[in-house]
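Listed after this line are the structures, all set down as structure tokens.
Both of the next two complexes hold subunit A, though its partner changes from subunit B to subunit C.
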Partner chain A sequence: MIPEIGHFALILALLVAFVQGTFPIIGAARGNAAWMGLAKPAARAQFLLIVLAFFCLAYAFAAKDYSVLYVASNSNSQLPLQFRIAAVWGGHEGSLLLWALILSLWTVAVSFFSKHLPDDMRARILAVMGLISIGFLLFMLTVSNPFERLIPAAMDGRDLNPLLQDPGMIFHPPMLYMGYVGFSVAFAISIAALLGGQLDAAWARWSRPWTILAWVFLTTGIMAGSNWAYYELGWGGWWFWDAVENASFMPWLVGTALIHSLAVTEKRGSFKAWTVLLAICAFSLSLLGTFLVRSGVLTSVHAFATDPRRGLFILIFLVVVIGGSLALFAWRAPKIGRGGKFDVVSRESFLLANNVLLAVAAISVLLGTLYPLFLDALGGGKISVGPPYFDSVFVPLMAPAVFLMGVGPFARWKQAPLPELALRLRWALGVSVATAIVLPLILGQWTPMKGLGLFLAFWVIATTANLLYQRLFVTGKSWQTQVKAASRSWWGMVIAHLGIGIFVLGVTIVKSYESEIAVRMHPGDVAHLAGYDFTLNGVKEVKGANYSAARGEISVSRNGVQKTVLFPEKRLYTVTNMPMTEAGISPGILHDLYASLGEPLDDGAWSVRIYYKPLVEWIWIGCLMMAFGGLLALSDRRYRLQKRRAEAN
Partner chain B sequence: MALKARHKRFILIAIGLALVGLAATLILNAFRSNMVFFYTPTQVVAGEVPQGTGFRIGGLVVANSLKRDNDGLTVRFAVTDTLKTVPVTYKGILPDLFKEGKGVVAQGKVGADGIFVASDVLAKHDENYMPPEAAEALKQANAKNNSMQSNAALAAPK
Partner chain C sequence: MKRFLLPLAIFLVVVGFLFKGLNLDPREVPSPLVGKPAPQFSLPQLGDAQKTFSPRDMLGQVWLFNVWASWCVACREEHPILVALSKQNIVPVYGMDYKDTREDAEQWLSQGGNPYLVTAVDADGRVGIDYGVYGVPETYVIDKAGVIAYKQIGPITEDALRDKILPLVKRLQAQ
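Let's turn to the complex of A and B:
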């Protein structure tokens, strides 16, 4: 009964979405206030219906209802409750439901926080989001219904893929989807502005907080996924250039470009057409990411389904959304008009260069991800493009982008004389060049790549420190007043940029100085790595809720002093009969010590892999700083004032 | 030496185009030199594979072919598409889901002795899942097998 209620709620939600997607848009075109007024209640009703559907599915999981096909395929009676709930988005159908839920959550948020928008604008935005929702609801109801019954019911479920049975599964997908789907707001605002022909600075100001919030979620989501892969996959990598990762990284790159070009559009009125195009691209890439991950075209753990009808549906949906919005852009863009003029050397030009580099980087990722698929689909044979391609493309593209990031905040809008810039940046340049030369000499083995990485990391950190210094101490006022005087969005920028520096530093150091050994160990054997002694004390059998495991105990000491104990596990999930490596990690601010069990060899020995990962945590700390910077920018007075002003009216 | 606005815009556009052109060259170059092609065991045995550059093979791990060297880390196994079999060596820890009789994809180079030295071994992600490359190799072998039966004269062993 409960699953049928969920199914019925989805059907109702689709009907409401039709109302939300059509009447307000027509009403806005004809100036019909009643039709425009339908947008808000429809958005809220749709949200409640999808929440109901989502709870019905979650209930089916919690209550172990194996007469529902999706529940039977993705959970098991022995699966702990938190993973049974997370299993709601563990497969294809449920993750689409999560997508739709999050879309309606953003829509409802827009309906509440849009009091300051003109009625026709709000009606158009909500309608565009309703149209997107139609696509997803229709998709679920036609080819991938999460509430489909299994008759007769299964005795027990087939269990969730053991790779997904991890706390990461509870946070990572919702975070990522909040980011993906969040770009739908910027997209809808752009489309609404194109439809209404209302492309002024106000449109950029509405778009900015939504875009930043989506970007914060996406950054956190990608960071959580990277961290999860690091400890779950057992080989110590944190980024694999896997097609699924690329699917989330492309919208991030374009989204990062978008938040910067939105700043220019709001403050200077320039880049309008480009900003609209980026907003369309960011969301299109999010849709493409969903298509890549969820249609089964990829050969990856995330691609659960292989049903050609689904692929066809999403493909048509993509063509309609992307093609339609680009056509609208081509039709309306000439009316947008030119923005303010700027010089060859100015803050605008630096931001433009940063935008172009980010966009080109996104295109290069797109090429590496899609070309093998196209070639395969056209019968051109199977090829793969691995990390070497992405590495060799990314360094030359991102190095100038990161360098310009240090210069940009010092440049004035419109025109920034080069000599003045050089004068202001000379100390930062000196510090970073010196560090890039000296630090590798101390740590060992100078190479151009280490030099470049360290130069960029310290360049960002030094220029940002210089920016802080000049803002706080050179103005003649006390620094306390200056701290308060600086806007939160300025602080957000400072912290996010510092985050990039920390990130680059972490990547450079871990790539340059990580070490690993793979050894055959009997209990009592000692392995040596990076000055540490790893002693395998023994391997014990332990039982988990739905798995049995061999748990190794490895004590780590340095110069005879015990530092930590690692407990790597080799699990066997009993339902799916899948083995799973669970790494033993001792995280630290300076380095991680990481061990994973390979296989049991004859005579009681184990193959063991041990890693030394210096500054690896800085990669994720850097990402969190970027996300925190975004949150600070969001809390800026300007956005609150805007709201208060609207309420006063 | 104040430049006219038109000239400035022109310079900006020219610089932009030059940079985008440079980036495109760089990307396409990197792409060409890092493409990894896929071959079936039959093609490897027939010598239709590049020498000196890496490629991927896929197929099934032959039952009882897994042997371990004394260091406990170097493994030897054979990959088959049911027609031909390629011996593979790999130093390192095999993925969790590597099993004899199941699908596998390996990336590496083939030596003069015909042994495939793998730098990476990828296995399927769950019990029911076959890596597409491995499935492709079996499909091709199957098709070839059928055509051989119908035209036995052409199927002289190499």
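Let's turn to the complex of A and C:
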């Protein structure tokens, strides 16, 4: 009964989405206030219906209802409750439901925080989001129904893929989807502005907080996924240029460009057409990502079972949404006025360059991701494109972008005299060049990649420190007043940029100085790596809720002093009979010590891989700083003032 | 106007490829052996271990070479199709019993019917390595010159036989 209620709620949600997607948009075109007024209640009703459907599915999982096909395929009676709930989005149908839920959540948020918008604008925005929702609800109800019954019911479920039975599964997908889908708001605002023909500073100001919030979620989601891969896959890697990772990274790159170009559009009125295009592309790439993940046209570690009808459905949906909006863009963009003029050397030009580099980087990632498909479609055979391509294309594109990132905040709007810029940046340049040359020599051998990475990391950190210094100490006022005087969005920028520096530093150091050994160890044996002694004390059998595991105990000491104990596990999930590695990690600010248990060998020995990963945590700390910077910018007074002003009206 | 159409144009090209991609299976890897001479071997026959079988014996004929085993569940699926095919006398079917015991193999053929003119016994799987066998069943179509023209990975289905294998065999026989 409960699953049928969920199914019915989805059908009702689809009907409401039709109302939300059509009447307000027509009403806005004809100036019919009653029709426009339908948007808000429809958005809220749709949200409640999808929440109801979501709870019905979650209930079916919690109550172990194996007469629901999706529940039977993605959970098992032995699966602990938190993973049974997370299993709601562990498969195709449920992740679509999560997608629709999050879309309606964003829509409802827009309906509450849009009091300051003109009625027709708000009606159009909500209607565009309703139209997107129609696509996803139709997709679910036609070819991916999560509530489909399995009669007779299964005795027990087939279990959630053990790879997904991890706390990462609880946070990573919802965060990522919040980011992906959050770009739909900026997309809807852009489409609404194109439809209404009002592309002005106000449009950019409305888009900014939504875009930043979505970007914060996406950053955190990608970071969580990378961290999960790091400890779950047991290879010590943190990014694999896998097709599905790329699918989340492309919207991030374009979203980052969008945040910056929105700033220019709001403050200077420039780049309008470009900003609209970026807003369309950010969300289009999110949709494309969904297509790539869900259609099975590419192979990936995230590979899912596929059904060609599903792929065709999403493709048609892509053509309608992306094709339609790009056609609208081509039709309306020529009428968008040009913004203020600016010099070749100015903050605008630096931001434009940064935008172009980010966009080209996104395109190159797209090309690498789709290249195997292109080649196969042209009959050129099967190939896979891996890290060698991405590393060699991505680094040369990102290096100048990161360099310009240090310069941009110093440059003035409209025109920035080069000599003055050079003067303000000279010591940051000195520090970073010196570090890039000296540090690798102290630590060992100098190589161009080490030098480049360190230069960029210290360049960003030094220029940002310089920016802080000049803002706080050189003005003549006390630094305490200056701290308060600086806007939160300025602080957000500083912290996010520092985050990039920390990230680049982490990547460079871990790539250059990580070390690993693969050894066979009997209990009692000692292995040596990076000055640490790793002693395998023994391997014990332990029982988990739905798995049995061999858990190694490796004590780590340095110069005879015990530092930590690692507990790598080799788990066997009993239902699916799938082995999984759980790395034993001792994380630290300076380095991680990482051990993973391999196969038991015939004479009672175990194969063990041990890794020494200096500064690896900085990669994720850097990401968190970027996300935190975004949050700070969001809390800026300008957005709150706007709200208060709107409430006063 | 034109430059604003560019994003749409690029998108439509990508869509074209994505559409084509829907009908391609990225996991299907073609065998590197297709178009190359079938690797030579000489193996004892099932039923009479004194006699041997070698692909050289088959020069001048188009033939199917089916790798199977009694322990292979998927082989049970394709077996009736092979038995029916062998009765039609369109193309000779030769088998290779892969990593199996003679007793089990003989019992399986006596139960399910024997579609093979001769079955070679590859008890330790060495010849299987030469042929790049990575799962049983696999079937090779080999032409008159002893060149592998096609490799079917997994069981032969009615569709695969009707749409791919038999038309290919007819074309090769006409050469």
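Throughout what follows, the second predicted complex is superposed on the first by the 645 of 649 C-alpha atoms of A that agree within 3 Å, B and C clash if a C-alpha of one lies under 4 Å from a C-alpha of the other, contacts with A are read in each partner's own complex, and residues count from 1 in each chain.
We adopt the following convention: contacts are C-beta pairs under 8 Å (C-beta built on N, C-alpha and C of every residue); 3 or more make two chains touch, one makes a residue touch a chain.
None of these values were measured; they are calculated from a predicted model.
On the superposed subunit A, the two partners subunit B and subunit C do not both fit; they clash. Once the two complexes are overlaid on the shared chain, A:Leu315 sits against subunit C while remaining clear of subunit B. Once chain A of one complex is fitted onto chain A of the other, the partner contacts of A:Ser607 are limited to subunit B, with no touch recorded for subunit C. Considering which of subunit B and subunit C touches more of subunit A, the answer is B. Looking at the shared chain after the overlay, A:Phe374 reaches subunit C, while subunit B stays out of its contact range.
In the superposition on chain A, A:Leu48 makes contact with neither subunit B nor subunit C.
When the two complexes are overlaid on their common chain A, residue A:Ala330 makes contact with subunit C while staying clear of subunit B. In the superposition on chain A, contact of A:Phe291 is made with subunit C only, not with subunit B. Of the two partner chains, subunit C is the only one that A:Ala273 touches; subunit B does not reach it. In the superposed model, A:Ala202 makes contact with neither subunit B nor subunit C. In the superposed three-chain arrangement, subunit B is struck by just one stretch of subunit C from 44-52, 62-70 or 116-124, namely 62-70.
When the two complexes are superposed on chain A, the residues of subunit A that touch both subunit B and subunit C are 299, 381-382. Subunit A contributes residues 161, 163, 234-235, 299-301, 341, 343-344, 349, 352-353, 356-357, 360, 363-364, 367-368, 371, 381-386, 388-389, 392-393, 396-397, 518-520, 576-581, 596, 598-599, 601, 605, 607, 609 to its touches with subunit B in the complex. Here subunit A touches subunit C in the complex through residues 273, 277, 280-281, 284, 291, 295-299, 308, 311-312, 315, 318-319, 322-323, 326-327, 329-330, 333-334, 370, 372-374, 376-377, 381-382, going by the rule given at the top. The touching residues of subunit C, when paired with subunit A in their complex, are 1, 4-5, 7-8, 11-12, 14-15, 17-24, 26-30.
Contacts from subunit B toward subunit A in the complex involve residues 5, 8, 11-12, 15-16, 19-20, 23, 26-27, 30-31, 33-38, 56, 68, 71-73, 91-94, 96-97, 107, 125-127, 131-133, 136.
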